[in-house]
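Below you'll find the structures, each written out as structure tokens.
Shared between the two complexes below is chain A, which has chain B as its partner in the first and chain C in the second.
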Partner chain A sequence: MRAGRTWHDRHLGYLFVLPASLMLAAVLIFPAVITLKLSVTPEGGSGWHLTLIHYRKALRDPVLIQTFKNTFAFVALSLLGHFLLGLGLALALNQALPGQTFFRLLALIPWTIPDVVAGIIFRWLLNPIHGALNPLIRLVFPRFPAEFQWLSSPALAFPSVIVANIWRGYPLVMVMLLAGLMAIPRELYEAAAVDGAGWVKRFLHVTLPGLRTIILVALALDMVWEFRRFALVLTMTGGGPGTLTEVLSTLVYKTYFQFFTFEYASAMAILMSAVLFVLSLPYILLVGRER
Partner chain B sequence: MKRNTKPLASLAVAAAAVILLVLVAAPAVAQVKIRFQTWHWNETPWVNSLNEFMKTFNAANPGIEVVRDDSRYGDKEAVFTTQSQAKAAADIAHFSYRPIRHFAERGYLLDLTPFIEKEGGAKYLAQWDASALEICKYKGKIYCLPDDLNPLVLMYNTVHFKEAGLDPAKPPATWAEFLDYAKKLTRAGRYGVGILGARQEGVFMRFNPWLWGAGGDYLTPDEKRSALDTREALEGFKFYVELFTKHKVVPPGVIEQGAQEVRTQLAHEKVSMIITLPAAPGIVQAINPKMNVREVMALAPVPVGKKKVTSAWFSLRVISAFTKNPEAAWKVYNAWYDRDSQMRNFKIAGVLSSRLDVRNSPEVKADKYAQVFSAQTPYVKLEPLVPEWPKIGDAMLTAIQEGLTGVKTPEAALRGAHEATNRALGVR
Partner chain C sequence: MRTAATSVRRERMLDAAVSYSLLVLSALFALFPVAWMLSTSLKTEAEAFALPVHWIPQRPTLQAYVDMWTLKPFGIYFWNSLVVSGVTALLSTAVGALAGYGFSRFRFRFRTSLMAGFLATQMISGVLVIGPYFQILAAVGLYNTLTGLIIAYVTICLPFAAWMSKGYFDSIPRELDEAGLVDGASRLQIFLRIIMPVAVPGTVATLLFAFLLAWQDLLWALCLISIDEKRTVTLGVAFTVGEFIIKWPMLTAASLIGSLPTIILYLFLQRFYVEGLARGAVKG
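== the complex of A and B ==
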């Protein structure tokens, strides 16, 4: 049939994607090119005198290196939390229970809350004086300190931010896994049961293999999101105590808007994007292969 | 059949008349909109002063309309930077003195020198505090006029003083007294003093009197190196962080406390003393309307260490280099800085203008709070105006948080700030 298509038919599609492409170029490609150029421009310079000085500085910057480590830990632990909580809830919400739809909607609520709001909610929740968490814990453990510090504790600030981020972000993974669970044929479970497989074996040999692709996609997408997480960290701790909760996006923001070193911040942003691209490759390859 | 066309014709004539009227009248009502950007639009009592200014100006100037443009204190520089990069900044914007030279260097600010010359040049400028005006000058041009310049003082709850057996008429004058009072004022559910530890520029104003008061400083006199490795700097730094870590006279969660949180603690009687600025009584009153602030709260100079010194809240307004209506923007700007407007700011928000005729007016001199603030003006010191200040300030914020939370000892935390400051200054 292809031979019968006119030039008009073959090229009409390009016309349809043109508005989206122009929009993408305006909001993504143009700023990316500007950032790239800025990253190779001397500080306060302009024109086309280019330099790699900011990249050389970045590769030796102990603050940036520490922040990369913080970010990897933040992303890895958030992903683990999202996966465990998302999978657990997806399994629970896949059961035929009364009020199933209500509980599914309830579990989605954190996903609807903007990062800034979630950050402020947790900041107040964890406040040692006015916060709700300490009194709640004291209801169960009356000897728990009334003014226990969460975000001001060097040991607990980072875990607190990660817990908040797990709460805010698990629904994405949950929804994807729930869709995957619903697509696994019931017959497979019935056949496994007939063969004498218990729920652990059914989970390991039916559920997990059935979800493998979706898990990979969900975690790859989630990783990209978490790598860029900004407002939640900024509103909860601002990167503190000291720099213990500093992540790449908050450092880039600080370097650009507070230190006014646009060029160095751009180099950081480009490095961050490069790492993110490498980490996203499995997902990109997977999507390409599926097509 | 003959149709009666009279009503139709009348309608057409009436419509034409209306269109003509609109066309003729349109230029008369066309207004230049001037975006007036500040975070104070969201703060009581400031917003009352701003609304009054907007109403008065708009009524007196039919061709120009001042419009509200909200910023947030925490990211006002980020917003202005982004807007300036896009050449779409607010016509008039509000900052502390710290970023002015950065913005001027980047070409974001309109040079006000020609407007000032038209107003009378040196005679016009003589209306302002000369030292405050210096901050606005950069490379031979004037980029702003100083607005409110307010020394910081100690604000304390006299009722708490009486409860603790302290004489409200004798506030702490020295560091030793301050610590002693703070300990006596600390009791179940209440703390002697509220200090800031959050990552915000308001920390500097409340921390600097201790650093400088001990004889320490950020930089050497030639501003080429860090001076944070001196014994005096460590003494001031330790005094500040040990109020929390050692003496326990500060509420928990100190690194989560910014200026507004600490004022809230004072308003709700969680703390008894804070270091604060002239707008604080009004803000505290707004937070807790049930408290009779002018009865309960008293002011005193910041307790003295080795040196009598205080910091200041010093804000300025600028006109964007990208304004499409510089003449109209100047008209609004000039109106904001006139005597009546600045006096209104004092009456509503309690702030002290840099205008000498306002600061020295009988109304200001007679006010019990303004008297205390004014008396501290000779002891005001500002942070170094070096381009590296944002990095130096960030290093100090990091050190303060590390010291307050025990991530590092005060010595190690300050050493970290010292090294970061030298790195920022390019010292090898």
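== the complex of A and C ==
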């Protein structure tokens, strides 16, 4: 039908989108505004006496600064792991070898496990005495310490959490890249082969350009998700030892719900969201441009 | 020519060998943690702590799968998760489909900005809004209720429910709407009686995604529920791991059973999921 045929028709559209809009406004937008307001309110204060004291404190807070660094490292290394493992597996699965479906399903398993459970699995796996990892390593390297403390080691706790997160998150990047690979026409590879291009050249000049958009979408989305990752860290280490594995989500949660410093937690949440907004711009632009 | 053919064949063999080694290694990487959890869940507590570690339970037992219902109220946790996720799926799909129909069939002012706004709310991180939301719930007496949790989950699911259903409605010919209008039906009647029945396949995917999101969440349940009888499965599992003495066989059993819905649904849904992601409609 012709759009906007009558006054009645044009305005009916608002009615259809109204319930959803109201809920989004009430449950997400309004609380976000309250958080913004709280972040400029003195501790325990009310009304419109505004202050930037929490932001000043935040910029000098060593725990927050370290947590920002942690989160960036967590996001960057998780993305790198997801991408390398995801791309490698997608390339292997795209060869249409016998058993391909079986291997694809196996590779997908970590994605189907809830975050909470993934954290618990790795906590138990890395248990220094009763976990499976230390005995497994000692099968190969008998001189490895018997009760190696992965999650209480200042040097290895954070890398362990990142490896767990790589485990949890690579399958989604893999399936997205696989979908992208399957969309590249075979003739392009055949033409390149006829031209005598080796696999490196075919990869660089056929595969990568063909995957460009899907790689960008996958990484842009993954970046937003990993930046918000919460349950895995909470159940695996709880942010410890000390604050060494703290990420922004767990820090804001603790500051609000365990230390009850609402105003400071709000300022942290605003800073975190400002960074998240910048990080999610590529995705919004990518998706918006295609419409 | 012959040398070229052999070199191509040799290259294929090499490709296959490299691919298979990568696939087998990654399958081990993917499965080992889950297998270890399964193994633990089939042990007695004594065996879970036996040294040296037993890779495979020597006397497998299902005791842990009994304990989770009797020693811990996992039955209640499952029921709560089921109610919360089920209601969330139905409501968010319904309200999202309404919005999707509006976006798909009407050209009103601010339509595109509103759609972009829906998408942008997906990027809001839970910790930005959960504090005030908790305060609001407490003020209206919905703290520690499944209702408060459901309202939150429905809202979080709305943007992708709206975007997914809009994409689906776009693929349904407008002639169907026109025929309804000619017959004198109202737009709401057309939506409910003509369009929704056709849109069932697309709607099922939305339902399941919303169900999964609610089932897996920890943050919102953690902040909005503090009493045992209202806990969800993820919350029950997270609290069990925080206890001073952890009964690992029971915890791993509960974790596995709690993951069953997500394992089954994700493996079933993977294709929808990838398509949805490519269209920018799915929340992870």
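Everything below uses one rule, namely that the second predicted complex is superposed on the first by the 279 of 291 C-alpha atoms of A that agree within 3 Å, B and C clash if a C-alpha of one lies under 4 Å from a C-alpha of the other, contacts with A are read in each partner's own complex, and residues count from 1 in each chain.
Criterion: a residue touches a chain if its C-beta (ideal position, glycine included) is under 8 Å from a C-beta of that chain, and two chains touch if they have at least 3 such contacts.
Computed from a predicted model, the values in this text were never measured in an experiment.
In this overlay on chain A, chain B clashes with chain C. Judged by the touch definition given at the top, the superposed model places A:I214 against chain C, while chain B stays out of reach. When the two structures are aligned on the shared chain, A:R123 is found in touch with chain B and with chain C. By the document's definition of touching, neither partner reaches A:R56: not chain B, not chain C. Legend: residue contacts after superposition of the two complexes on their common chain; A:F257 is shown touching both chain B and chain C. Between chain B and chain C, more residues of chain A are touched by C.
By the touch criterion stated above, A:I113 is placed in contact with chain C alone, chain B being left untouched. Touch criterion met: A:Q149 reaches chain B, while chain C stays clear of it. Of the two partner chains, chain C is the only one that A:M23 touches; chain B does not reach it. Stretch 131-139 of chain C is the one among 131-139, 185-193 or 257-265 that clashes with chain B after the shared chain A is superposed. On chain A, the surface touched by chain B in one complex and the surface touched by chain C in the other have residues 123, 129, 238, 253, 256-257 in common.
On the side of chain B, the complex with chain A involves touching residues 75, 77-78, 81-82, 99, 102, 105-106, 197-200, 251-256, 265, 270, 390-391, 394, 398-399, 401-402, 404-408, 413. Residues 44, 123, 127-129, 147-149, 151-154, 238-244, 253-254, 256-260 of chain A touch chain B in their complex. Chain contact summary for the complex, chain C toward chain A: residues 8, 11, 15-16, 18-20, 22-23, 26-27, 29-34, 36-37, 40, 48-49, 51-53, 55, 95-96, 98-99, 101-103, 105-108, 111, 114, 116-121, 123-136, 151-152, 154-156, 158-159, 162, 174, 177-178, 181, 187, 191, 215-219, 222-223, 234, 237-238, 241-242, 248, 251-252, 255-256, 258-259, 262-263, 265-267, 270, 273-275, 277-278, 280, 284.
Within the complex formed with chain C, the chain A residues making contact are 1, 3-4, 9-17, 19-21, 23-24, 26-32, 34-35, 38, 85, 88-89, 91-93, 95, 97, 99, 103, 105-117, 119-125, 129-132, 135-136, 167, 171-172, 175-176, 179, 193, 199, 214, 217-218, 221-222, 224-225, 227-228, 230-231, 234-235, 238, 248-249, 252-253, 256-257, 262, 265-266, 269-270, 272-273, 276-277, 280, 283-284, 286-288, 290.
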